[in-house]
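Below is one structure, written out as structure tokens; the observations come after it.
Here the chain labels run A, B and C in written order, and each chain numbers its own residues starting at 1.
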């Protein structure tokens, strides 16, 4: 295994390690609060996995500087058809496939756009003309909502723990089960 | 849970809270331009209220942000969000199709369709997240301690 | 291949792993909660270095701020007494080792970190970064654009989930005789 491969996969391995640590806390500890802590660690490791996948080396955060945005925003909306978009794409990639796709795309059919997609698998998807490379915004969006929903569900779990403590007098799993069996 | 006996914590908190609130508002309303948005602003605002409640006591926090108001804001945020969608439908588009929030309502002041739609939606998210997080803190902190 | 970014990356990840192990082994519940806060803050720093400032914000405010407060509140309500547990439990350890080994085997043919040709960057094409320039009339933050506009339905669902969770917490933990509620009720009757 080369160093390059090790560094390329190191992130995934740490994420898996964190995930398994969380899993270990959940299954090995009887205290309910500790189980929720384990679930939290597990959850955060999933966030990290997604964010890792969105990163592009040499990229920057997907916030387009206003100056650059102004340069690229269409002054006349009618000129921006498939032709204009294609010029935007083709500029960044010097693939022979892109050249092959070009005349078809100029035909401006939706089908042609699909052909073009297949023809140029390289990073056209993440660059704007000659501007900087932007990391993928999609994983960020998914995780953003997941974090807030995660804390909301954690709060529900903790509320249930408080109620369990009030009714059972304990938050140890085995003691709760013992109380349940007695009644 | 009050920490009224620690003057350093009290003074530092009083100094910090205005900036936390300001930062939350910046994150909320500047979310289209820099990093930020409703979710982030909501949790930062709620963190400021939580800090206030931790240091000055739950009753003081409840005077600043009354629970009754917060309970209504919880629902209001979702209503703003869904209402934006209904508004776009009434203006002839699909649900949450902001392009129909047209430019000519108040041309020089209000931004274009997408900007306005995103702004309203983020506002709804921010209101709901703030209210929910604050209410969760109130509910936990207000619970009687039993031994 | 090894630049300063890789070094930051490796350092933060090593710290994260160490913190997670500490949380698993430490006996004091209060300390475990504090370490969870540190863990969240470290992951927020890592997210920032991975070009996700929006997520880093949220994780820092939620994980290190609100979650820690909620855990401490719960701890205050339930008491710190915890049954002593063995620091090392063999059977769960065996289970997670096997699961982890299978997952690591699964990563071997994953695209490398930072690879621009990874499948995740190929779809949708043209990407949201490109499309948002025309669709959003030059809105700079693509994350906000995707969150609120392209995935608007999704975000509305998430907001509804947060609302529901908040309502659930209030319902579970509301005191039976809350003076606020009584005043509220009489008001509504009067109206």
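Keep this in mind: a residue touches a chain if its C-beta (ideal position, glycine included) is under 8 Å from a C-beta of that chain, and two chains touch if they have at least 3 such contacts.
Small disclaimer: the values here were computed from a predicted structure and weren't measured.
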Selected interface, B-C versus A-C, where C-beta contact pairs are more numerous: A-C
Central chain of the complex, centres being mean CA coordinates: C
Separation of mean Cα positions, chain B and chain A [Å, integer]: 25
Where chain A and chain C are represented by their mean Cα positions, the distance between them in whole Å: 12
CA centroid of chain B to CA centroid of chain C, Å: 19
Set of chain A residues in contact with two or more other chains: 61, 63, 66, 144-145, 147-148, 151-152, 155, 158-159, 162, 165
Touching two or more other chains - residue numbers and ranges from chain C: 53-54, 58, 62, 66, 70, 73-74, 77, 79, 137, 139-141, 143, 147, 155, 162, 165-166, 169, 173
Overlap residues in chain B, where contacts from two or more other chains coincide: 33-35, 37, 39-40, 43, 129, 132-133, 136, 139-140, 143, 146
Chain A residues touching chain B - in the complex, by the definition given at the top: 61, 63, 66, 144-145, 147-148, 151-152, 155, 158-159, 162, 165-166
Complex contact set, residues of chain B against chain A: 33-35, 37, 39-40, 42-43, 129, 132-133, 136, 139-140, 143, 146
List of chain B residues in touch with chain C within their complex: 1, 27, 31-40, 43-44, 46-47, 50, 54, 67-68, 71, 74-75, 77-78, 81-82, 85, 95-96, 98, 112, 114-115, 117-118, 121-122, 124-125, 128-129, 131-133, 135-137, 139-147
Chain A residues within the chain C interface of the complex: 3-5, 7-14, 16-25, 27-31, 33-34, 36-38, 40-41, 44, 47-48, 51-66, 69-70, 72-74, 80, 85, 88-89, 117, 121-126, 128, 133-141, 143-145, 147-156, 158-163, 165, 171-172
Footprint of chain A on chain C - complex, ascending: 1-2, 5-6, 9-10, 13-14, 16-17, 20-21, 23-24, 29, 32-33, 36, 39-40, 43, 46-47, 50-55, 58-59, 62-63, 66-67, 70-71, 73-75, 77-79, 82-83, 85, 89, 92-93, 95-97, 99-100, 103-104, 107-108, 110, 112-118, 120-130, 132-134, 137-143, 146-147, 151, 154-155, 158, 161-162, 165-166, 168-169, 172-173
